[in-house]
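Before anything else, here is the set of structures, which you'll find just below.
Next come two complexes built around subunit A: one with subunit B, the other with subunit C.
On to the complex of A and B.
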């Protein structure tokens, strides 16, 4: 693969931006045209990505499987910021997820948003999101990643608050934006710390890095560039120059960004509220792609974590705790989108845990499979909501008959999510469990958490499915199947939801590195490990899932178990889960009491010390001196002449005295 | 040369400079203490003439023409200055009805 293909990557990146500009600026009132342009932008991106992926996978032995193209964006003294596209299998896989899941969701939106007033605005925002997300995916350096990171945050805000007439949507948008700000602050600190620590090292500045643009030439080492940093980190002679504490801290700070964007504990609170946005948005951004940006970014800079077991431990435990907590909350939710939202949190926790257990391959693999089946589930939920006009699963039921397409695709997504053997989720979840069971990097408690979470996942999905599609209809009206423009994308996503996992099955493709999170640009070969398949673990995981699923089915499908009675028996626990561990209340308390207290004290200090003391004092001094000096300005010309005369005399006397003393 | 004049001590550069200083002092006193702007202006002209006189005296002492050339420039500038000053005085007289410096003393702090 050569950099000659760079225009394709640039096209993938900028086609959605062009679509966003057209749809948002020119075609706001031309509804069909705006939607068409947006879908076209996505399709162009998908086609280019598929072509690039094909070229990368068919690269001959010894030929690079990726390339990089960039230009200088900012040059100020020794500081240089670049803007470019980094094409390797990791970025192509992620781009495939974004465009491959994005295209059916764009099409689905045509039907779902039919008749909405902000149709053009919706497609403009969606295209802007696709551009921002692809910017992160193809980013060559930390600064570019950060810029697009914030752009993704912006488009997320715009789409969560899309129905800005609803107070809850406005609140949810603000919450998402502000909670992300906490994580992004850490992210920015991490970038600055890393840049400062690395760029000041003479060992880094003297590195000999071949320039991809001119064969034989050397590139200037840039402490923001992924490729340069990776070279530095992977050089056993250079890495010890960097303080281990600083480097580990920088890695953890960068991970803070991922905690915010990928909604990990304790910054996960924004994601369930983000379900206020239109359902296709939830499917695309808050389930499949945007929330995976943190996972992707952590994989991309995995080399920063790799040498520091402490940093990896932090990542693994944050992921494990998120996976478990979110799954327990999902057990009792009654809003179909909330169930899926907490399920997303839980699965993102799995991915992050896998990365922390040195299984970046497993993390990216699960990201890919999850993107397809979770997008499918969300679109199914959207179809149900479209038909029932409610999101409460207690008011649904019996939708199996009137909505066959939605029903069957929902079951496919559910099967993949609870990891029924043979579906895509089965293979990726097995790899994560394998990473947790690894004798070197693994951890017993995390393996236990992962297994229990697998059981919980099966339970809440069975509960949700049984209440939504089986039994008798408990709501009003007669729900009917959604139009083809909505059901076709469901089937389009159902295929990869079932089969994409087989691509990572090592027995089938002989460990072909399809989903390997590798970083192999400019000769930095570092693979996070091949795919593996562990039969005992697979059986164990399936056992847990089956147990959870059977209990869920008995409680809500056949009603052999009296769920209401159990709820009464475990009421305190149920309340704790239903109130989401009181974390929202805790944050509110934090803001109302702690932050407000700090603000009051700061206000007092500002009002009394700063304003009354320093600022008022300075102005009084200026006023007083002005008042006394104005007496000199008499307006009489004689006064001025006298001053001039006195000045002349003084200067003359000084010069004469100096010359008398043998001066100049 | 008449006998009376011959009896006096010869006129040297010190005499010219003394005269110049006297003229300058007279002009300065006029500028400092007279209220009538016309007088102030005339006193200023006197101060310029004193300076011109000193320059011419130095020119004589050094035996070159530089001082005299300087004086021509000075006279030209003085003439221009007088024209501007007089027109200002006329304007002042028209607006204030007088030519005393106290008529234009509003610009004060």
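On to the complex of A and C.
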């Protein structure tokens, strides 16, 4: 694994950008070509990533498992911002997720978006997103991450509001952009705080760091660079020089970016609205990759949190609360995409919670498995929406016979999500629960939260599946299976949804030799190791899931439990959940009342005080004085003579007095 | 004459627009297309000169380290010996960046004004005369000519807004001209105080900036018994600061700006917001800070507070606006707050970011007014509630508008992002931590009004009222927009192209502010 392989990484990163430029500028009319170029961009990336990953995994003992290549982007004063590619197992794994889930989704889009006006624009934006996401994945430093963070936000805005003729879509895009911006505010403040706190320390400036570009030479320590920061943080002599309070605060502020991007409470409100975008977009961005960026970034800078239990606690609890909260809201959703959206929020919560419990490997593991089965579920939902022309599960049903591919792949995805033993989701969720149960870093309350949420997950998925696919069709049309260009990606994704977990199964491989998300930043040891497989815990988790699943099936599949009656009985609770705990109302109030209020006050000051008051007042003053001075021009000789006389007297007096004073 | 033999390219940069304007005088008013083509030709020459200058600067500046000035291009020709007036031009990184900005904006501006029919000859005459003034300001090293060109850049604006403007144009143009002239007079008072003080030390009168700086080194502006015990710099600097600051626009002296933007015709707004407003901060960096560094070090912390109002207050007022030109106008006020913050940080990074932002913002705002002007010419309506769904009818303009919005919002890929980040980092580095936080918060406010503007004008259901709108269809019509977007993207992806050129100037200024006692 050496820097000679850097061109492969650069190609992976820039191929989608080239595709976006081509598709956007030249090929808007030539739809097939625009789509083809975009798919090609992704395939190229996938191939390069696979090759790099293979090389990394087969690296011999002592050989580096990664490398870095960068160049100087901005240099002013003593400040230097770099741009580069950091290739290690963590970034390669994430790149694999992006390109591995992205390629089938790009292909699926060919069918799904067929006939749409903005076909070319769609692929241009989607490729732009792929470029932005890979930029985060391969980023070597905090500022580069932030750059691509913003670009991902831009892509999201463009794609959510893709059908810009629809007010709800435009509003949703705006909301996503703004909520992300709030998170980005925290993120950038965190970068500023951290950068200056660290770079002003002599201990940091004196570090001897080998230069990746010239072997034997020394690099200049850069407080934005992940490698340099990791080196500093892991040095027991250097870290104490940094104030604990400042460092913990910086870590939490950086995490704010993740709260926004990964839709954690309280900045989760944009994700359900983001379902306004085309379903493949929801699959790619809002399930598998973009929202996972926050999790990835937090893993990447895990060393910033490790020494500070307080910061870790913040992360863990925000994750846990999100997981539980979102699952409860999913219980009552009737739009299939909304169910999946809240489910995504919930699973993201699990990932974040895992990191907060010092189980970064578990978090990345779940990110990977989730990417595959959630993308699969979203694409399946798209297939169903395509067939039934509605997104309401109350109008679906009876799709098992007419849509077999969609049906079976949906069940595979659901099984993985519910964590049926043997599926990928089972292993990854178990790792998270194990992290919560860990005697050192774990947390009892969060373990309980995790178990209950697992039960809720099974319940709402059974409800959704039963209403969507089973029973009689309640709609008006005659749904039929989607074309191969849409079903093949479904089967393509079903395979990893089932089997990716085995790559991480500890008993089989004695601790993840294949899937070892080494937070291996240039030679520094991995800190977050995998957990052992705990049979009792696995059984407990499965038990909760089974309980939830059985109740869900009884209520909606077999109608043994009267769901409607229960809804009546628990109406206040149901309303609370259906109205998403009134959080949307709260944010709307913030915007309408607080933001508008402050703006109107400022405007009032501007218009009335500064403009009318000061400026117009000044001009009125000038006019008035002009008017009064004009009175002097009376036209009467007598007045003029009088003034001349008076003036002469004054001048004479002044001259006499002045010469008297100036005299001896 | 010293320096460059013959006529220096820097002198040409001022001569070409002067000759272009002069030439327009002789073209009959009825031959509008001749006027337009002549103007375009002239400004294309200037664009070429500016690009050449930028390339030369990139290559030569590391070698010109010592003087921070491009060698061989400056020239000086004494004019009025007794008063010390000479034709003195020189270029350092900052000037090069500003000249490049001006040439980009006026090139696009000439193209955008192609459709003006009413008195086209007089319009182009005023426009080119104005831009002659601007170019002059950016290359001159003589304070007399500086003031001359400064006024030359303001006065034609009175005509441009008063005759060819729209909303409330008489009030707006009167206000703008009086306000800016008052500021210029205040600055003139400051300049003259410096002039006379320099005379006391040098023994002769001189408007030459370099000689005045030498006088500074000799202690001409130092506080001391000779000064009557008062700190000369601390008293005089505010004349220059607030005089030039009026055009910057430093809060609370900004109220002339949004109204002026709204009333002016497209090309005038482009120049006004894109270039004219940069004259203020340029003058502060070119004259006020180098001549009176101790005064600057004393007063810039005040600027650090005032610019917060620019950023936040300007942004909030923009949120409350419904007229698109007012939104962009207050947005400009807000962005210029970042420039002032960069200057107030007194660090090389911050000052570099400020100059880079002057460039990036200039191009971006020129694009904004060009786009608004394009559809306003057809709709005669610019208020958000009345517009809507125009992306259906004019997709090219809509796309360009989204690009502009993203640039203004500080999305990476555009030059504005890099410059704003440099300002934020520079501010933090310079100890202005809370200001940096507020500056970061500013990007949230910016997002609010910009997205609202895009949504209100272009997105939403198709509005049949605008079905007759014609898009920018021909390559010629699209050229100004594509050109401006391309510039923003180029310097967004490769910011080092400009940053490296500006760096020596920024370093010098920061060094001066850090050690005001020494030269």
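A few comments on the model shown:
Note that in this section the second predicted complex is superposed on the first by the 587 of 664 C-alpha atoms of A that agree within 3 Å, B and C clash if a C-alpha of one lies under 4 Å from a C-alpha of the other, contacts with A are read in each partner's own complex, and residues count from 1 in each chain.
Just so it is clear, contacts are C-beta pairs under 8 Å (C-beta built on N, C-alpha and C of every residue); 3 or more make two chains touch, one makes a residue touch a chain.
Keep in mind that what you see is a predicted model, and the values were worked out from it rather than measured.
In the superposition on chain A, contact is made by A:645 with subunit B only, not with subunit C. By the touch criterion stated above, A:170 is placed in contact with subunit C alone, subunit B being left untouched.
By the document's definition of touching, of the two partners only subunit C reaches A:182; subunit B does not. Judged by the touch definition given at the top, the superposed model places A:610 against subunit C, while subunit B stays out of reach. Legend: residue contacts after superposition of the two complexes on their common chain; A:637 is shown touching subunit B, with no touch to subunit C. Measured by the number of subunit A residues touched, the leading partner among subunit B and subunit C is C. In the superposition on chain A, no residue of subunit A contacts both subunit B and subunit C. Considering their complex, residues 72-79, 143, 147-148, 150-151, 153-154, 158, 161, 164-167, 170-171, 174, 177-178, 181-182, 184-185, 188-189, 192, 195-196, 595-596, 598-603, 605-606, 610-611, 614-615 of subunit A touch subunit C.
By the touch rule above, subunit C contacts subunit A in their complex via residues 175, 179, 252, 255, 313, 316-317, 319-321, 347-349, 352-353, 389, 391-392, 402, 406, 410-413, 417-418, 421-422, 424-426, 428-429, 436-437, 440-441, 443-444, 447-448, 451-452, 455, 458-462, 495-496, 499-500, 503, 506-507, 510.
Across the complex, subunit A is touched by residues 28, 31-33, 40, 101-102, 104-109 of subunit B.
The touching residues of subunit A, when paired with subunit B in their complex, are 629-638, 641-642, 645.
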